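Since the structure comes first, as structure tokens, the remarks are kept for the end.
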Amino acid sequence: MPTHTTNMRMKFPILALTLEVIMIILFGIFAVYDDGKGHGHDPQPGNSSHPEKPKDPMSLYPMFQDVHVMIFIGFGFLMTFLKRYGFSSVGVNLLLAALGLQWGLLTQGFWHLTDGKIKIDIFKIINADFSTATVLISFGAVLGKTSPVQLLIMAVLEIAIFSINEHLVANIFKANDVGASMIIHAFGAYFGLAVARVLYRPALKNGHENDGSVYHSDMFAMIGTVFLWMFWPSFNSAIADPGYTQLMAVVNTYLSLAACVLSAYAISSLVEHKGKLDMVHIQNATLAGGVAVGTCADMEIGPFGAMLIGLVAGIISTLGFKYLTPILASKLGIQDTCGVHNLHGMPGILGGLAGIIAVALGKKDGHATMQAAALASSLGFALIGGAVTGLIMKLPFWAQPPDQNCFDDSIYWEVPEEEEHEESLTAEHYKNKAEV
Amino acid sequence: MPTHTTNMRMKFPILALTLEVIMIILFGIFAVYDDGKGHGHDPQPGNSSHPEKPKDPMSLYPMFQDVHVMIFIGFGFLMTFLKRYGFSSVGVNLLLAALGLQWGLLTQGFWHLTDGKIKIDIFKIINADFSTATVLISFGAVLGKTSPVQLLIMAVLEIAIFSINEHLVANIFKANDVGASMIIHAFGAYFGLAVARVLYRPALKNGHENDGSVYHSDMFAMIGTVFLWMFWPSFNSAIADPGYTQLMAVVNTYLSLAACVLSAYAISSLVEHKGKLDMVHIQNATLAGGVAVGTCADMEIGPFGAMLIGLVAGIISTLGFKYLTPILASKLGIQDTCGVHNLHGMPGILGGLAGIIAVALGKKDGHATMQAAALASSLGFALIGGAVTGLIMKLPFWAQPPDQNCFDDSIYWEVPEEEEHEESLTAEHYKNKAEV
Amino acid sequence: MPTHTTNMRMKFPILALTLEVIMIILFGIFAVYDDGKGHGHDPQPGNSSHPEKPKDPMSLYPMFQDVHVMIFIGFGFLMTFLKRYGFSSVGVNLLLAALGLQWGLLTQGFWHLTDGKIKIDIFKIINADFSTATVLISFGAVLGKTSPVQLLIMAVLEIAIFSINEHLVANIFKANDVGASMIIHAFGAYFGLAVARVLYRPALKNGHENDGSVYHSDMFAMIGTVFLWMFWPSFNSAIADPGYTQLMAVVNTYLSLAACVLSAYAISSLVEHKGKLDMVHIQNATLAGGVAVGTCADMEIGPFGAMLIGLVAGIISTLGFKYLTPILASKLGIQDTCGVHNLHGMPGILGGLAGIIAVALGKKDGHATMQAAALASSLGFALIGGAVTGLIMKLPFWAQPPDQNCFDDSIYWEVPEEEEHEESLTAEHYKNKAEV
């Protein structure tokens, strides 16, 4: 095992500390606390002037904490389904999000300086958390095949590119995307898929022993799934106009997710061996309804419309896992570890299309063409940005894992020796036997 | 293994999709967003006109999210204690709750139409989540011995019956039950026990190899226990009158639960072999204080009264697990997998009785006789409704599991082969050995 | 194995029930619900009269629930990293916190009686939860080497002593410590270390087979880590002055924690074998930034200052785990199971020192000398109180575990026999084989 190539000593500490020092310096120069006169960044034209902005600076705090849980517990544990990659999934998720929220606060803030300063409020830290979601989605596409060093680089580049596209979508096109189906989900998915394509590993074409789950790792992943599922209404409504618009965003997401669960379970059983349910589908496709209703969440699509979107999202997402993912890997050389194309990619596009239709039908003020431009822009920045980022990540000195060590924590983490556990169990076993 | 009888292909997908399509059609006809003129459904006479209804439509949202976590993480993981049934516990919990919240929103809403419409607000989705709790409690009684097909049928019937009883209790009897000790906990428990009785399996009389926990499954269950325990004050106060009444409901529940923990631990150690603690008691009996204080939560019982209720609840619940559950199984043919009789049944009745006494003592406006009628009604609807539902579930074509395959996920789920795990561990083992 | 000495029957039930009965009696005498005229206890001079106290008695409830999750899920699961001690970690954590919050509500309330009564509001139950944190931190220092009986005794004594020191710091010195770096973290850590010193076990000097983690136990511990990390902004801002001061406390903690993650990961990789990451560092040192910024959280230190504190905290905490903990054990006879000295001790002192400097620099009203007195007082009460408590806990009849049974749940818990699991896996294995 050529461990010298995977040894992160020096490379990782130096990169991580350097990035953090740069962050601290930039915050020292640009960041101040909101003093109550700030407006907060806002991807929607509808309330860019925040006419209804609540007086209490803490009013969005519970929403922020729900989003925070989705980012750190939701995304982190969702990826722990791999049998030997749990440390990296939840651990590197924490690392990337911790860096990303600082960087996102800056890159988004630079577009909205007040007297040359970024005034930090709850609204801005919610958007900072949002920006990290793009990286965590892309992380899912390359999970198990990249080093923490490569991923830090991806985080820095992806969030910078995200912020440009978001500014374009929100402030130039003035398009609606309150739940970020386009600017976060579709963007993050296709960015990650582009990276995965560039980092294609032919040797893994026939799978890898550790590229799979065990019983307990699937249980840990369900912690992530359920927390994401529960708090998605907060994700889609956090930055909506306060009051009844926000309530509508909550209700639409709540109902879309509920409908999505039924269709995901139904299709999983329909396509699986002996009508059984497949954990991969349940862990992921049940969330597609939250992604797909994102753009329309604050539009007058009605409970009926929201549920229809959720129903369709659950179906296409499950079918994607079953039939599309294998084809992408074998035909296009896109090895999508977590199937982000099925959870974030296609449902994200579905959300964008639904938004175009909804706006065209007058469910919310806006221009259908601008919605279409926003979707195209998000996909374009994602594919090009991801390809370029992938090429940089492919440089041979980022401590990337050799093929045979993919999907294995022990290459970047001190992993406890399970044997001791086995032994203690045996001991326990005999002790119990003896007591009988 | 007669897998043809357990094969869910067609049966499950068709039922799940049909139910979801019906839901979407009914929502299309009846559901609209609350526009601010709605009153919200309310099981309490005290504030059925919502004199204090807050202006901000989102004010109850944090409470809703706490309840949401109890439903999906709390109930879901609490049932993962079984060694080979974790996928079904958390997965089917998600399925039933996702269907139930849609159906509950409708069945509760039909009693309170505004201009022929159900106006959805946070108050209504909290009650929709509540209605699913009855099904999840009953699920615990039949856990491991029913198919997802049977459980979908149970969910539809139980929530419909629940809504009738709830309407009777809240609007006809005008009884107090803010924390739903009677209409959710006692109802759900006895409904499930009636179903379990009808589905009695003599072959399981002497237990089943998989009807037990392993170390890690008990740890997963504690995730459910602790989240239920923490957020129970929200469950009992979510629909209380805003302000100091709601604060009182929080404080009463907080203190009742704390007292309950001490008594549950004490009794567990007292009755167990060598004074040891039993995880089954800790996972369940520590929550009985939340159930038992439910009806009285918004009454002036005082911290002293709340703690006394919690203390007693912890004692009877633990004793129930130790001595009553085995008798119910052997003498009455009621095989209560999760012991819901001890966590929801007896403590629910205790809560109802405490409510009768508290109202009689003038701790809150109301009529003790109506409180008694509410308890009787809840038990009556539960036992009769559960028996009828059980008979329908007993029809031989719902893909129910044969006795030998009970408590085993692999009959309805694609379960990863643990052997691979074992192998990788061995490999790991030798690699580590080699490095030494 | 001298099980007779570890048999808790009678000792534990009698102590637990007696304590609970005493609590109920004291609550009956002293506790009433807040009627809106209460002020709530407050460790800060700045708002001891609560000029801005919000009208809505529930306004702090979401903050309370975040803190609640940190206490019961955060601390509970953080300690589940030990391979055979998960039941005790999360279970005894629940027991101690449930007793502690009742006792803390009383001991803190006695200093602030209104008409001879303790008026319970959300502010007071937040502080009650806070008081339990000291015990849970100390629990980490003696984890695996104490009996539940000993720990109940520790909880009663530590919270009483904590309340005296807190009163001194907040109301006599009128020092600032909004996030409790000094009065909770440093106090809890040094109290626990003093207890650990008194309970020194020479036989464990060369380690213990069960004093380590396995893969899944490290995953469970990450649940605790991430929930603590996410909700720390609530911990540090819950009792801050409402409005922009509270926002500042949130922002400072959010940024300090983010910076801390990067430095903790960097140093972990720097000092570990082959540049790998160590789970012990990730689980703990990533949180040091929350501890260290506690005292300064509501001061005008600026985002820059907060991040600098987090950066330094992550570094010293990781270095402490790597180099200091072994020395404390070998040279000073302080066996710190969870390394609380690195997570709460040193970062707590760092927080106290930062507070002295910040106040001296006029970042908040106050006297640097009083800040210094607060730190000295917290350390003094902790060391002396811990030593005395340790001596009482050392009395030979508290069912303490013999050396060879330390770090093993099976001595105080009914532990399921893993062998059955192994068997069922083998069965599963062959069944799958057969199906092929």
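Per-chain residue numbering starts at 1, and chain names A, B and C are given in the order in which the chains are listed.
Here is the rule we use: a contact is a pair of C-beta atoms (placed from the backbone, for glycine too) under 8 Å apart; a residue touches a chain by one contact, two chains touch by 3 or more.
Here the structure is a predicted model, which means the values were calculated and not measured.
Novice: Based on which chains touch which, is the overall arrangement a line, ring, star, complete graph, or other?
Specialist: Chain contacts: complete, every pair touches.
Novice: State the superposition rotation angle between the two copies chain B and chain C, fitting on C-alpha atoms only and giving a multiple of 5 degrees from 0 to 180.
Specialist: 120
Novice: In angstrom, rounded to a whole number, how far apart do the mean CA points of chain A and chain B lie?
Specialist: Distance between chain centres, rounded to whole Å: 31 Å.
Novice: Specify, in ascending order, the residues of chain C that touch 2 or more different other chains.
Specialist: Only 62, 84, 216, 223, 415, 418 qualify.
Novice: Which of the residues in chain B come into contact with chain C in the complex?
Specialist: Contact set of chain B toward chain C: 62-63, 66, 83-84, 209-210, 212-216, 218-219, 222-223, 226-227, 229-231, 234, 242-244, 246-248, 250-251, 254-255, 257-259, 261-263, 265-267, 269-270, 272-279, 282, 286, 300, 302-304, 307-308, 311, 410, 415, 417-419, 422.
Novice: Could you please specify the touching residues of chain B with respect to chain A in the complex?
Specialist: Residue positions touching the partner: 3, 7-14, 16-17, 19-20, 23-24, 27-28, 31-36, 56-58, 61-62, 65, 68-69, 72-73, 76-77, 80, 84, 86-87, 90-91, 94-95, 98-99, 101-102, 120-122, 125, 148, 216, 220, 223, 412-416, 418, 420-421, 424-425, 428-429, 431-432.
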